[in-house]
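You will see chain A twice below: alongside chain B first, and alongside chain C after that.
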Partner chain A sequence: MSTIARTWALVVKDARSELRTRYAMNALVMFVITSVATILFAMREDQASPELLAGMYWVVVFFSSMSGLSRIFVSEEEKGTALALQLIASPKVVYVGKLLFNCGLTLLLTLAVTVLYLIVFPGFVVASFDIFAVTWLLGSLGLASAATIIAAIIARANTRGTLYPVLSFPVLIPLLMTVMRSTIRALAGESFENAFGEFQVLFSYLLVMTGGSYLLFEHVWKD
Partner chain B sequence: MNGIRLQVTDLRRDFNRRPVFQGISFALDAPGSLAVTGLNGAGKSTLIKVLAGAIGPTTGTVAYQRAGVPIEIDALRHELGFVSPYLNLYDEFSAEENLRLLSRIRSGNEPASVTIERRMKQVNLWNRRHDDVGTFSSGMKQRLKYAFALLHEPTVLMLDEPTSNLDAEGIAVVEAIVAEQKERGILIVATNDESEAAWCTARVHLSGSGGNKR
Partner chain C sequence: MRIVKVLSIILITFVLIAGIAIPLAPAPQGLFEFPIIPGLEDKARNIFYHVPIAWTTVLAFLVSMWYGYRYLRTRSIDDDLKSVSSAGLGFMLCILATVTGSLWAKFNWGSFWNWDPRETSIFVLLLIYGAYFALRSALASDEARARLSAVYAIIAGLTVPFFIFVLPRMVAGLHPGAKGDVDGSGPVLEFKMAPNMRVVFFSSLIGFTLFYIWLLTLRIRAARLEHHVADQHS
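== the complex of A and B ==
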C-alpha cells in the first residue's frame, strides 16, 4: 500500500510540475500543430488514401512524442533534482511513477491527434471504432513504455536531443508497423477479429518492453 | 542510542575505467562522525554518494546494520539525510510544497505540519514558506536542503560542503545541526575545509590518485 502511495505521490509531483512548467506539453502541442498544418499545406485539395492517412497519423504521434516524452527524465537531470529522487525513492517507484505519467501524457497526445485528424482530414473516417480504440490504447501504452526507458538511458548523455529519436526509432519499428496496419483496418471498416493478430503483437510488445524496462531500470538509474 | 553501524569494505569506484578511489574500508558506529577530506577531484562527492546509495560502487560493499541486522536500502531511505550543493529541490514548487511532496514520495505520508514548521523555523525560512524555490537565493536554497534532509529525523546525515553558499547566520544553524546529529546518530562530512573536518572525530583522506589513508 505504501509503495502505491509513494508511486502515486511521484505521479502527482510530475503532473503538478508539468502544469506549472509545461516542459513537455508545449513541445508536444507545438509539434502536433505544426506537423498537421504542414501535411495540410502539402496535400491542399488532394484526397489521401486511408493507408497514407494511417501512416501520417502515426508519424505525427511518433515525432511529437519524441519531442516531449524524454522530458520526464531529462528535466530531472537538467534541474539537478534527480539526486533528490535517488535518495528518497526506490528505482522501482521512480520507474513505475514516470511510466504512469508518460502513459497519461501519450494517451492525451494520441487523443488530441485523433480529434485533430477527424476535424481536418475528411478522408480520416474511423469505420471500425473498436479496432481503433484498442489500437489507440495499446499503441499509446507501448509507445510510452519504450519512450520512458529510452528517456532514462539518454538523460545523462550530452547529445540527448538527437540521441532520443535515433535510439527510439529501431526500438519502435515493430510497434509502429503494427499500429499502422491496425489503423488501416480500422479506417477500412474491417471486423474486430481481423485485427486480432495485430493486437497480440501490440500486447506482447507492451509486456516485453515494460517487463524488460522494469528489470533494467535500476542499473540505468543508479549508474 | 540507536545502534546503527556503517561498515565499508574495500570500496572502489571507477569512472571511465579509471579508479576515483579504491581500497576504502572503515566502520562507523552511532554516535559517531567521519570527515571525508581531499583536494578537488579526489572523489569526496563520489564517495559520499556511494555511501548514501545514490550510486553503486564498482567493487566493495557498503552495509548498514542495527544490532547486527542488515538494513535494506529501501529502509535506509527513511533514515538518511543528505545535503550538498549539487542536490537541487524543485524551483517550480514553494518551499513548503517541496517538503510535503518529497516526504510523500519518501514515505507515502505527509509529515505533520508542526514538524515542517519546526524545521523551517530552524533554518529561518518559515516566513518564505509559500514562495517558489526558484525565487530563492543560493544560500536560502542551501538552508531549505537542510530542512528537507532533517524532516524525517535521520539517523545518518551526510553533508557535502556543508557551509557552501551560507552566511554567518546560516553557518551557525549548520553547526547547531551538526552538534545535534553527533548526539543522535552518524554524521559524515565531505569537505576540504579544515574547520569543517574538525567537527568529526574520524577521518578518511582521499589522495586523488585512487588511494586513501585514514
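== the complex of A and C ==
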C-alpha cells in the first residue's frame, strides 16, 4: 500500500469506529448545546454586542473541542490498540491520518456552532461572508493541528481530562486572539483586505504547528 | 564556576546599590546623577531589575527547550534533568518578572494588569510553565515524563515568535515598542539611555544571567544526586 492509501485507510478506520460509537461526536454536540444554553441563561433578555458574540463563539469552540478532540489518541490507549497501530503504520502515517480526522471533526464542530449561533443570537449576523469563511477554515485547521499533537502527548498521562485544556490553552492563545479579531471584522462587515493581517498570522500558525508536530510526533508516539 | 558565583554577587550588589542610591537630577552632571525622565522619575529605576529578570526568564525557557531537544536526540536522562532544572528556575524568575512588572504598571499606568501584549506574553509563559509541570507530575515513568515534556516544551516554544514579533504589532500596548509607539514599533528598540544608566543596566543584565547560570548548575547537581538516590532505592 502506498503512504497515501495507508493514511486514508487510517482515516476511514477512525471514521468508522467513530460512527459506530459516536463517542466524540456526542460529547461535542452536547457540549456545544450546554455551553450555548448557559450563555443564553446568563444573558437573559440582553442583546450582546457583536464583539462579545465573536469572542463567545470561540470560547464555545475552544471548550467543546477540548471535550472531544483528545478521543482520537485516548481511545487507542483505552482500547489497547496503540501498540498494534505502532506495529502496522509508520509514525508519520499515523500523525497525518489522525490530523485529517481531527480536522474534519473540528470543521464540523465549528460549522455546527456557527449554525446554532445564527439561530439563537439575533446579533450574530455574518456581514462579510468571505472573511468569516476564511477564518472558519484557517481557525478550525489551526485548532485541530495544535489539539492533535497535545492529544497525543496527554494520551499517556493519567489525568487526561483536566490536563488537555491546561496544556492546549497556552499553545492556542495566538490562534484564539487572532480568530476573535477577524471574526469581529466579519461581523462588522469590513472588506476582505482588512483581514489579511489576521489571515497571515493564522496561516503561519497552521504551518508552524503542523510542521513542528509532524517532526516531533515520532518522539511522542514511539516508546 | 567560582568566578560565575563571585561575579554575579558583585554585579548584583553593585546594581542594587547604584540603581537605588544614585540621585536623579534635571541636568545630570558626571557619573553620579541619573537624568529625570518625565513621567517615570524614580520609577525608572525598576528598569534595572524588571527587564533583566524578564530577559533571564526567556533565557531559562530557551535553555529548557534546548535541553529538551537534546534529550530527544540523545535520550540521556541527564539532559532531562538539565531541562527541568532550567524550567524550575524560569518559573521562579517568571513570577518575579510578573510581580515587578505588575507593580510598575500600577504606579505608572494606573492598574496592576492591562492586558498589554507583553503582559499577555508573560501570562502565557506562566501558563506554559504551569502546564509543563502539571504534565510532568501526571506521567509515571521517568522516560515518558522526559520525552513528552520535552516535546511539549518545544511545541509551546513554537508559539513564542507570535508573542514576540506578531502580537505587539497587532494590538496597541503600553510597553515601549508596541503598535503606535512614537519611536517605532517592533521588538528591537533604539536604545536611549544615559551612559551611566546603561552601565548599571548592562551590569544587571550580566549579573542576573550569571546568577541564573550559578543557580542552574546548583540545581542540576542537586537533581543528579536526587536521581542517583532514587535509582539506588528502586
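Rule of thumb we're sticking to: the second predicted complex is superposed on the first by the 222 of 223 C-alpha atoms of A that agree within 3 Å, B and C clash if a C-alpha of one lies under 4 Å from a C-alpha of the other, contacts with A are read in each partner's own complex, and residues count from 1 in each chain.
As a convention for this text, a residue touches a chain if its C-beta (ideal position, glycine included) is under 8 Å from a C-beta of that chain, and two chains touch if they have at least 3 such contacts.
Quick caveat: nothing in here was measured; it's all calculated off a predicted structure.
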Worksheet item: Which of the two partners, first being chain B and second being chain C, lies in contact with A:V171: first, second, both, or neither?
Response: second
Discussion item. Once chain A of both complexes is superposed, is A:R44 in touch with chain B (first), chain C (second), both, or neither?
Written reply: neither
Worksheet entry | Touching partner for A:S2 - first (chain B), second (chain C), both, neither | first
Fill in: Where chain A meets both chain C and chain B, residue numbers
223
Worksheet, complete the sentence: Seen from chain B, its contact residues with chain A in the complex are 49, 52-56, 73-74, 77, 80, 82, 84, 86-93, 101-102, 104-109, 148
Worksheet item: Can you name the residues of chain A that touch chain B in the complex?
Response: 1-3, 5-6, 9-10, 12-13, 16-17, 20-21, 79-81, 83-90, 93, 222-223
Worksheet item: Along chain C, where are the residues that touch chain A in the complex?
Response: 72, 120, 124, 127-128, 130-131, 134-135, 138-140, 143-144, 147-148, 150-152, 154-156, 158-159, 161-163, 166-167, 170-171
Worksheet item: Can you list the chain A residues touching chain C in their complex?
Response: 146, 149-150, 153-154, 156-159, 163, 166-167, 169-171, 173-174, 177-178, 181, 197-198, 201, 205, 208-209, 212-213, 216, 219-220, 223
